[in-house]
């Protein structure tokens, strides 16, 4: 099979799976449904690996033309290059694992077949997003993943207690994404207006020629619009509040969509558009600061969250913020690297938490957990690996990727580096808090729950183990070159021709000495926090505080810095007020009343006119005489 | 001329045949006579008439032939559609029908006149039998009242008309339309005498077509008179009045256009508004028809206002569609035969009797100028002929059409909606004759608009 | 000609069919008509103008009776004729389907609409335009909710008054031309002032029927009291006539006023998009929500028409098709809810997804199509329209784009309040076969057009090109 | 003849125009102020006579006899009208027992 | 006494008796004043050399029509002064309207009368029976004949309305 057909197969397999499960899944046994869904994912992944291995240069596969008008055409095309293939690998790979995990996790769910349909559909949309050769395809997939995300967040919509709430969370996610989408769409229009095409290759080629470059302001607007789109999907300030709420969905969904893949679409967008962003330094600055603030804010909020998934969600937001900081500094390959490792360990963490929740009979509150390491050893182990990875424990994947970003930061500005270090430290703090509270100490849940505690089945633990391995060794992909010179910065090199933009940026690297210095600082920080946490939670046996005993910053953190309330006050309430008042005032009072007023006036004047019709002959004759008088007077006046 | 004689003779014969106390014979005679008359009229379109007299008081132009045959056709439809009413009192059937026939003699005179003698006589022959017919249901108090009102206002307007004729005579020295026209165009007659005379004649003509402020009689009289007579007044008298108006004012007094057009403009606007506004909120069917006929008089007068050539054709089309619509409605009300004439008694009629419902929709929407019914085309032609000179007038008329549709619609809704108690709604059984009338009307309303070549 | 007369013939035929077969006969009849239409579509080449009827006569007032179709006309005809069987089908199990009068009126309406789309003469257009009012009015009157009468009067009078505006414009035009054939009307050269008034007259008629803000107040009320089938006819088919009329008649006849009116109409359209979108957010009545949604969507289409370039107009036709499909789907869903729960109040619904999963799924598909998500027909159309509007002015583009957000808010709200949560009622029956088939057919077309919008574009493109270039070359430059 | 035409003897036509106008207006006023139907009818006759007077005056003034012929027809019509009017009146009287036109106001609005 | 004075006196008397018609409270008096008015008008006709019309006027109007009126008055027993009075306001309004009508008509005439020139020689004979008969039966024979329709219609109508219905006898 040629690459064209393979790539098509990669795309088509999830779709076929979704279609098959969607149509026939209802009447098939769950095992079969799950196996098919998972099977196509693994197959897809395998094909992706083949393509990845065989394809070395950029290739565009033309499928069909969506629209052709005189001015432009929008085509369904696939672009096979390093970036897209790398992302494909992540998506299909992690996707396959999470599918496998879901087979166990969702076992007892009534909507089993639906779940896998949606998941497959999601993978399909995500693949379109990353494989498309133009912004239009990207937008296509972009919206597609939004819907799948919506469907999956609100998956338990008919839950007796939380059905509506799940729905509201899903809606919130969708609408916030839509706001970002609008920004993206406008960016697309601007691009189309300026260049007349949406193809990446044509655009980047056009941008290379100075004469074709639009003015700074236009470029700024374009990039800002794209960035707004990215903030929506990648949960950055101001559009980040949907992501924690999105945890209402089943845990595998959180792992796949809201940690590993979909939320990185914004990152992908910026990396893809590097040829624009490189020439828009102002946007880069904005991106950098927004990323930084997001990272800190999210990390801060995560400190006092008690829902295991919420902690992970804020951690995701924080990590994404980190990535945007890196993007703001133009460190595209570093970001992709971090995306990759983040996908590994965050998926791992989420799946681990899923396993915990599974074991805890759907309890998510960490205050009711504790001491779980005895009961679910595999989960414990893998979760620990994930925690260490995200906290930047030496030689785990997170360590390398985070380090690379930090290295860029210190080259950029030491203040940013400081803040980033703060963010990293906070990450370690809340992650260790989470870990210790869940797995150490005494079990704090009910007896009933305790009796049900059990390790997850094989199809859930295998993905955990695989991801754990990846989390450990993921760093190999892009070693900083201190240890093995031969595979130094492999990923960066691989991605280079996609991401070096206009060849304007020379990717600098710190000297080995500086690198080691930085690394040691980070490692020291992590280790200190690890030790302190260990003493604090395990030795002193501190527990998570009750909400009522929060003080000072804890209140702010626990209440998510009141973002929801502020948004509610600033946007939701005014719009609802506007909706109500414009209905009541404009629609009923002004428009309807003006019509009915007109009608009323007409019929009232009808009543007046009818009064003249008194029924008395003398009056009629009188009117006639008046008519004649009128005519004569008319004559007198006019002639 | 020969048609005139035939109609008159038919009327006479009817009276005598009625002595046999067999209403059917009267009907057959009237039908045959009218058809003969219409045939003779139409044959004049191609050939010279059989009788030719020295006196030229009557002249049948082509448009005159059309108008008079239409008037006779309307009379014909009224007679057969209202037959169920006429035969109720056997001893009067002959009188009813012959009075209508005599009246239609007047109608033809009033269409074909060439001097004011025939105009005046035609007007009176047209009106006097109808004064009687309005009061013909003698036990009915309202009928008597209507008759009295019609008579007094009518006689009063006759006085005004004669006063106007006298002044015009004084100014021009003649009763011949041709001579008057010449006198006016030569300018030898201009002056207050002529102007006031013309305005007086206009007042009387406006009375006949029931335009404001000379319209007051029509709602009362329409309501009070028997249904068939209302139909006759709304169709034939209005048609004839309009044509006489047109003939007098666009031809004879055509050179005084600047005088009467201004006055007519204002009165048309007044008429349309009064007619339509008063019609809103009416609960009596025939009263509604009366107000709508007032409004329609306003629209039709626009044809007379317009100085475009062919306004007589436009008027003919307009009156054609209007007449058939009214005849349909009147026939239905004859079929329903409701003394109270309230809207409420029409509730659900159309739903229970689909054909009647169909005809109701057809005629009411034709009145409201909804295509493809003929009413739309009539209105369209009239309005478009006047738009160039009087855009504002046309806009007023259009606004009024908008108001008008409201009350037609209320009636349609009442007639077509499902009644609460289905058993109360009668199943109507129109006679064969009424079916014929309705079918003729339906064909006319549906197709006429398209064949104005 | 058989294209035009077939519906009338079927309508008459339905009057004599025995009552128990009438609903079947209705569907078969419409399918036959659809077959005839497909025959025309297959033999049609988009560059042509096919004359259907031309007696070569002119009446006294300039009526030429000319009828024919070009790409856009035939597109509208096929859209109408394809959707009417679906509408009949979706109402197949309701009592309304057994009514002769209902079936006959739908067919009669089909006849009138076909005539309208085929009209090549101003008067013929107007005649059919008004003729459509009668069947829909009767359907609403006979089968609507009990409180309908006042609202129906408002609807009828409102739309009628609107069309009087068009009548006035035609009357004004009658002075300037010998006959009303399309070519003669296009050939008229107007001074800008009179062009402005003539276009305003047309716009009044179209704006009320579409409806465009602020002429929309009849619409939510009417949609709520109408029977489901009536709402479908109104929202999916009736307003297409107005949009079609704007493209084919209003602008080509008075293009001199295009630049004057452009700003005004686009503003009204955009205000409608935002205004209706905002209002829909807090409505409790599900039909009302969809009614406002419809106003919002067509506001966008209206604004798009005024851009008057081939690209935007192609998108307009795509959106017309999309809006029709979606409207039928949404109102079918609303009708099912209303029918089985006896309420339209969202607060009294909930949890239906659990008891009626099939319904929930297909309703969701339609709802997503309404939100213009990818793979549905709305996506491309909306994309192109927004792009066009954005090029016109960026503020307009952004405001219009808010439909993405508002659309998501109100559609999802309506969907979730009715479908999500714990079931509040028991015994909610899932989709019947006919409803299922209707949903499947609609969704199939929605997805088909979502992936291959080019078929629509190719179909209408040449005709639109012709219209646009005629105007550009002969009369004015479009700014 | 005893009298040569009056207009050759100093009486202007204006005199008769004014005279007949006065008579006409008296008739009109009478119609408006009286309520007895018979008197109303009489006032209308008075109006017609005013017209007759004017017609004859013009006819004599012009020396054309058609004016007088017209007067003749007016009389014919007046007679017919009076007949019909009185019979309507009698019929109404039978129904309501009054000739007061003010009573006839059941039809209105 | 010249003709002018005579005409003025005649006119004055006509107006006076006409006024009495509308002023008299008793209907019978009104009828009699109307008859008187007709006589005065006939006098005017004679002044204008219209002898035939004068005669016909007296015969038809005073003789026939007014007798009919009187007859009906007596038949309906309306001779008493029982006519209900219009309110003062109505009378006042009617008088004002009449006054205005008169004023505006005269005001219109004040602009200057233009009357068709008396082209024909004002012969004395036009008002005579012979002359009128000649014209009536030649030039105006058609209206003459047509007026028969009028009379028949009026007759039939009068019979139709006047005939007592059987049921109405009480």
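By letter and in written order, the chains are A, B, C, D and E; residue numbering begins at 1 in each of them.
One rule holds in what follows: a contact is a pair of C-beta atoms (placed from the backbone, for glycine too) under 8 Å apart; a residue touches a chain by one contact, two chains touch by 3 or more.
Not measured: the values here are computed from a predicted model.
**Q** Which other chains touch subunit A while also touching subunit E?
**A** The shared contacts of subunit A and subunit E, listed by label, come to B, D.
**Q** By CA centroids, point me to the most central chain in this structure.
**A** Answer for the innermost chain: C.
**Q** If I average the CA coordinates per chain, which chain comes out farthest from subunit A?
**A** Of all the other chains, the one whose centre lies farthest from subunit A is E.
**Q** Can you give the whole-Å distance between the Cα centres of subunit A and subunit C?
**A** 37
**Q** Centroid from C-alpha atoms only, then distance subunit A to subunit B, rounded to Å. What do you get?
**A** Each chain reduced to its C-alpha mean, subunit A and subunit B end up 77 Å apart.
**Q** Whole-Å distance, subunit A centre to subunit D centre, using C-alpha means?
**A** It comes to 98 Å between the two C-alpha centres.
**Q** Could you please state the distance in Å, as a whole number, between where the Cα atoms of subunit B are centred and where those of subunit C are centred?
**A** Chain centres of subunit B and subunit C, defined by C-alpha means, are spaced 42 Å apart.
**Q** Any chance you could list the residues of subunit D touching two or more other chains?
**A** 13, 17, 27-28, 31-33, 35, 40-41, 58, 62, 64, 66, 69, 73, 77, 80-81, 84, 87-89, 91, 94, 101-102, 104-109
**Q** Residue numbers in subunit A touching 2 or more other chains?
**A** Within subunit A, the residues that touch at least two other chains are 599, 610, 613, 615, 617-618, 621-622, 625-626, 628, 632, 635, 639.
**Q** Would you mind listing the residues of subunit E that make contact with two or more other chains?
**A** Residue numbers touching two or more other chains: 86, 90, 94, 97-98, 101, 105, 108-109, 111, 113, 115-116, 119, 139-140, 143, 147, 150, 153-154, 157-158, 161, 168.
**Q** Could you please write down every pair of chains that are in touch?
**A** Every pair of chains meeting the touch criterion: A-B, A-C, A-D, A-E, B-C, B-D, B-E, D-E.
**Q** Across the complex, what residues on subunit A touch subunit E?
**A** Its residues touching subunit E are 618, 622, 625-626, 628-629, 632-633, 635-636, 639.
**Q** In their shared complex, at which residues does subunit C touch subunit B?
**A** Interface residues on subunit C, with respect to subunit B: 57-61, 63, 65, 101, 123, 126-128, 130-131, 133-134, 138, 141-142, 149, 152-153, 156-157, 160-161, 164, 167-168, 170-172, 174-175.
**Q** Which part of subunit B faces subunit D closely enough to touch in the complex?
**A** It comes out as residues 116-117, 120-121, 124, 128, 131-132, 135, 138-139, 141-142, 144-149, 151-152, 155-156, 158-159, 162-163, 165-167, 169-170, 173-175, 193, 219-221, 223-224, 282, 287.
**Q** Looking at the complex, which residues from subunit E come into contact with subunit A?
**A** Against subunit A, subunit E makes touches at 86, 90, 93-94, 97-98, 100-101, 104-105, 107-108, 111.
**Q** Applying the document's contact rule, which stretches of subunit A touch subunit D when the two form their complex?
**A** Going by the criterion above, the answer is residues 610, 613-618, 621-622, 625.
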